[in-house]
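What follows is a set of structures for review.
You will see two complexes here that share chain A, one where it goes with chain B and one where it goes with chain C.
Up next is the complex of A and B:
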């Protein structure tokens, strides 16, 4: 037993002192990036303000809070999105049970009708609440849907090309993603359309350390085709709140869990 | 009264803009009781001709909605029970009835959670359950069909009840029990605004309709109960339902000579299932309607027991286009007894009814334009109802709607056929705050 520990120490010190010769594989990088962007802590809460600016500089705003709970790190998750702005969507709730092996389950609660509606979730590339972000930007894209290729590794980022396995299911031909080496947060994603022209850019504009997790607190999605963009500001971020699974159920669609929401 | 409230609100809104709140919310008091709502104007140009009160329009009103909520903490018990008080009221000026004003209290409720496994909601509130889209089998809660047919927002299809809802939660099973002490009927056509089939008039009637609808007495034995128990099996939602009360629409003749209709007693037993399937969402729901005052079906004056079954499918087709399809089957039970009991001059309803619906929704321009088409079509009744609409969000607060209500039918006495003279095209301008 002692020998194994000793061996382990030697092996790990070799890794530590020779990082370049033991470069991470692309699968390790994207797996870590996925965990860093979508799975920080066991759960989390954030207040979100979305500012959508269209090509004519008209501005629309969305305000909501997100509660997230991980069922397995890197796997199943539950999301609870509670809308506060604009006024006509106030108190609406959007709930997702995210899976990695099948379509997500999604519900929408409409308070004026006291109606719990089930939403078909096949098109994860559609716009999230009319913004330049798509559903997959918010809750993550399944890593198995693309092939990943490490193209370059300059000093501070990994540059990875991602090509969809099923080209017909998405609007892009491939996307390039830059992942920071120090904290594995993706800082830029560039989507190229079917003509291989740059069409959409998602960037992290601000990163802060919150409870030891590097967290994106401001990000921007720009649509080059129609010259519109959306800026997301995340505030009041908190991790490891101790959320319970039953929050993500019909009961709390009808009665938002005020204990966990920052009202 | 209503006019002055609306005027005051408009003034507050206009001058309130300077205060820098991007959403123009109204703040009352320093501890932030927030009031939200909207003001809207609606106009519905009438396309058909009949003998209702007006022939040029059937929908013309100004509406102000105010709503607020608060979490009372002045009592330690209320705080411990996570109490929530909600209130919502609509103030309307209805030009159809010569600028008649009305206050409609839609919500005034207290919600509490006295135990981990129990939520209670008391007071005026809207109740909804079931899986259908504009089709209701186990949701026997009151609907306002007048609102639906003239083009008011979907919110107004559902009428509030005064009642108590107790929700029980356990690991394996959840249940809701609703008690409605005083019966609240559907709002059905009365011939003033919308024409309909009135058997006493022998056809489509308007202001000439002189029938009386007698509501059940406000007694303990006329209280209504609705029960649902439900649980999820992974992605599938299942539910069992029971309802004891009255038909929400007048389905029985109390006294033919006096032209009196009433709401017969009704029990409904049902179940539903909803979950992923065929690349979309599939739902199925069924209900057995036990017409308690005509269980044998041999009373020609009261609706027979019925069996209803619904299956639906919705799918996201991509590019912000979605599709919804439904099929509803209704069978009048004890039909032989019904047929035998009929008198020669009676109108005859079919044993079976088949109804299909289609919903297509397409979003344009970053989801600021929503084009929606809903179609009812019954191949057995040879009638239908087309409801197209376009919503355009000019900004976060200003929304325009253009829509139409186009019912039609081969016969005058079917559900949609009777309403075919009420076709309209309507517009709505809504400012939310």
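Up next is the complex of A and C:
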């Protein structure tokens, strides 16, 4: 009986274009995509090389490690970002406590000033250290901020249109996201500006299987308005390291947890 | 040969008419290919260092030329900082962003800038200054306080008094600024608030000027033509007759413009002046012909016979007046400024076209006319009126004759005094220009310029780019270097000419103080390079990290200091250039740097310097060439020199007037010097040539002078009146350069006719013999003459070499001295030669 109902649902969704059943599917897809892209394992670590190429082909690089720990799958998370490149910013740290029900907490540690500052997180659309990625690209955008709509479902991806509920809070009018059907990793996000012109593209360039988790190992953000892009290379990805919760605290900003960092 | 041409024209007038018509039609079909270029930047050739550097700076630092839109609210107690005005500006900014050609992401406004400020305790916030439209006065106050607290914004996008805000609108190309400014005006119309909107900025001024100039051209040239027509009608009464010079002027202008366009030259601001320059030149010779024709016809009574007599008398002076005018303009082709070169060459062509038409078209036209229509000239009412006209001019001329002949010493003394006073006046001329001041002081752009520069630190921008000599070092995040720049900024501000300068030190200080809790005491450059780098990477976490790259390069090997000036006057920009040079030479930089300037305000200084300098050399060169020609024409260096006297006095007087009334020596004035030279010599040529012809018949100066003050002097005064008054309406033109042209035309005609009619007779009364200089003897036989002539020849040759090659003055001077020595020796030898001896 159950099988029939399920079959019926699928049939109706394919043939009858029942919006209600689509809505359910969309939520499932984006929830799975959110888990696949930001919540692999209980925790994780990665070496990151960021290459920013501006409109004049001038290149800047950033090198850092990301430690991540999930408090709850699909929910609260903690990030610790430790910088090693460029040399002048070595030992600089960003830390994020991500929530789904309120604004994130963010900290920044500047070693040369021996200064820990909280950064207001009311707006997460600001640049991540001068790159074409914004904060939300790194730690994920809260799913509840947008309404989601499945527009098409070609053979291997779902194409979903996401429209912000509060249009004033973001610089785009909507974005289209393509999610792989096999591993639910978003492979492309296209942002359309207020004039509904394609303005920014974020794409996964390389996906590898790491410890059984499909993981993006190379990603690129392109700003079409000023013809610049940023490529992120993830290396030495490791999941389920068993990170301790207390390293994600203000105390560890000044004293990087060497034990957990990939030397 | 040319005499044959005149005969041909008289006998085959219809063929001539057809050929002229053909020429005009051929020119007219070129017109659709017209390209218009209103960019003063093109005053410099494209590969000029300043231009390539400016282009490189704009690219490297992502800078665009911008239109300045200012909003001022003097009515609200909070100035523009009330919700209604701010929201209007917000909406307008959004509209502007969508306009074609506007670089929307680089628009600088309250709503497009990211601010760094204190949040809750221990928190920094990166936040759009005005993210959305606002509702309350508190929000408006908050925006004002934050904007004023940020040194990047204060004085730039928000005025110190809080009464005004500015939106800087970057545009893809300067030649769209007029269109964009019109679209903005259109958008402003819909806003109903108690604030006022102003648009200015060099690109708008320059582009608007280009457009209004063409409009003005289409009005002024025909208007001047009309006035000239009316004046001629007053003098000659016969409409049929005076139509001929008008047709000639039109044909000349059209064919010259057709030629210019046909050769593929864009019609630049300069070349749009061609019609107004050619018109008086084209009309001048025909007025001489008509004037003489008019006088002679009465006694001869046959049109063809009369025209031959008149042309015979006037042929040589007309040829020479045309050649001298052509030389004056042609000398502009040595100028280092491409549009000026094209202008000079084509006006010179136009002058020669006018001359050919004068000796062909006018005779042909007259021979086509019905003999009956001349009947009026000899009799009837026309004569009475015309006698009255003649009466006034003749009475004046008679007085001039008396004064210049009987009181010639006084006249000459006064001339000398005038020269001395003029030289003093000229020493007071200040060289200066500013495209904004090409408009009337009530023009929108001038008004906006005045008001916005009252409220803000300056709407004129220049970029000072400092560049590390060692490219591998990130010297501009070294605290020492930043402090050095900071001190330079303070120095410039203290000198008073710079309204504000913005650069990397300001960003570093602002971020540093906000990171440390917002205390003003920490508004300083941090101690270490690492600290600077970390401040900057913090800044890169904002919404607009790219703003940093308007001020430095990502490798920190260059910085760009944005300098705001309240005045776009070239002399003020030059002062700032000197201040920076002086500061940097007196205070060595901690690291080795090069520095250079970019930006429109700076570029204007460069082309002005080139132009003024170039014009002065051109002018001196053509002065000597004209002298050379005069010597050749009159067969006597002494007469040549005498013929230069009225011209010299005219030029000295007119230019000293600029010094006395405090008018700047600017682009139009510089270009007009060529015209002054070409036109002021004309009367002297006519006068001396005719005086000599008459003198050779009666051999008595008093007799000659009497005759001279009949026909020839009358022709000169008619000419002077026609042109001087014809261009008077230009004084009321809305564009300042047109007024300048009007003033110059008037002054050239007035002063040079007066100078010619007073001074030449006075000199001749002093030295009556000069008129009888033996023409037949070879000039070279007189050693003194020979030396003078060879000197002029040498200078001419050197001038030409200098004009067409890049040889510096040094070597050419040495060569010239050597040439002079050889020539003098040759002259001394020639004097002893056989063929000279025979004559003696």
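Everything below uses one rule, namely that the second predicted complex is superposed on the first by the 239 of 263 C-alpha atoms of A that agree within 3 Å, B and C clash if a C-alpha of one lies under 4 Å from a C-alpha of the other, contacts with A are read in each partner's own complex, and residues count from 1 in each chain.
In this section, a contact is a pair of C-beta atoms (placed from the backbone, for glycine too) under 8 Å apart; a residue touches a chain by one contact, two chains touch by 3 or more.
Here the structure is a predicted model, which means the values were calculated and not measured.
Undergrad: Putting chain B and chain C on the same copy of chain A, do they fit or clash?
TA: Aligned through their shared chain, the two binders clash on chain A.
Undergrad: Tell me the contact category for A:195 with respect to chain B and chain C: first, second, both or neither.
TA: second
Undergrad: So in the superposed three-chain picture, is A:61 touching just chain B, just chain C, both, or none of them (first/second/both/neither)?
TA: first
Undergrad: Go through the superposed model and pick first if A:120 touches only chain B, second if only chain C, both, or neither.
TA: Both partners, chain B and chain C.
Undergrad: Between chain B and chain C, whom does A:168 touch in the aligned arrangement: first, second, both, or neither?
TA: It touches chain C, and chain B stays clear.
Undergrad: Looking at A:92, would you say it contacts chain B, chain C, both, or neither? Reply first, second, both or neither.
TA: A:92 contacts chain C only, not chain B.
Undergrad: In the superposed arrangement, does A:250 touch chain B (first), chain C (second), both or neither?
TA: First partner only, chain B.
Undergrad: Of the partners chain B and chain C, which touch A:133 in the superposed model: first, second, both, neither?
TA: Neither: A:133 stays clear of chain B and chain C.
Undergrad: Using the touch definition from the top, say if A:112 reaches chain B (first), chain C (second), both or neither.
TA: both
Undergrad: In the superposed model, identify the part of chain C that clashes with chain B, out of 37-45, 73-81, 109-117 or 451-459.
TA: That would be 109-117, the only stretch with clashing C-alpha atoms.
Undergrad: Using the superposition on chain A as set up above, list the residues of chain A that contact both chain B and chain C.
TA: Overlap of chain B and chain C footprints on chain A: residues 54, 58, 60, 86, 88, 112-113, 115, 118-120, 122-123, 125-127, 129-130.
Undergrad: Touching residues of chain A toward chain B in the complex: what are they?
TA: By the definition above, chain A touches chain B via 52, 54, 58, 60-61, 85-88, 90, 97, 102-103, 105, 112-115, 118-123, 125-127, 129-132, 228, 246, 250-251, 254-255, 258-259.
Undergrad: Spell out the part of chain B that touches chain A in their complex, as residue ranges.
TA: Residue list for chain B touching chain A: 22-23, 25, 36-38, 71, 82, 84, 111, 113, 119, 125-128, 154-155, 157-158, 167, 169, 174, 230, 235, 237, 274-276, 279-281, 283, 314-320, 322, 363, 366-368, 393, 395-397, 399, 430, 432-433.
Undergrad: For the complex, give me every residue of chain A touching chain C.
TA: So the residues of chain A in touch with chain C come to 54-56, 58-60, 86, 88-89, 92, 108, 110-113, 115, 117-120, 122-123, 125-130, 168, 171, 195, 225-226.
Undergrad: Please give the residue numbers of chain C that touch chain A in the complex, ascending.
TA: That would be residues 59-60, 62, 98, 104-105, 114, 119-120, 122-127, 131-132, 477, 512, 515-516, 526, 528-535, 537-538, 540-546, 548-549, 553-555 of chain C.
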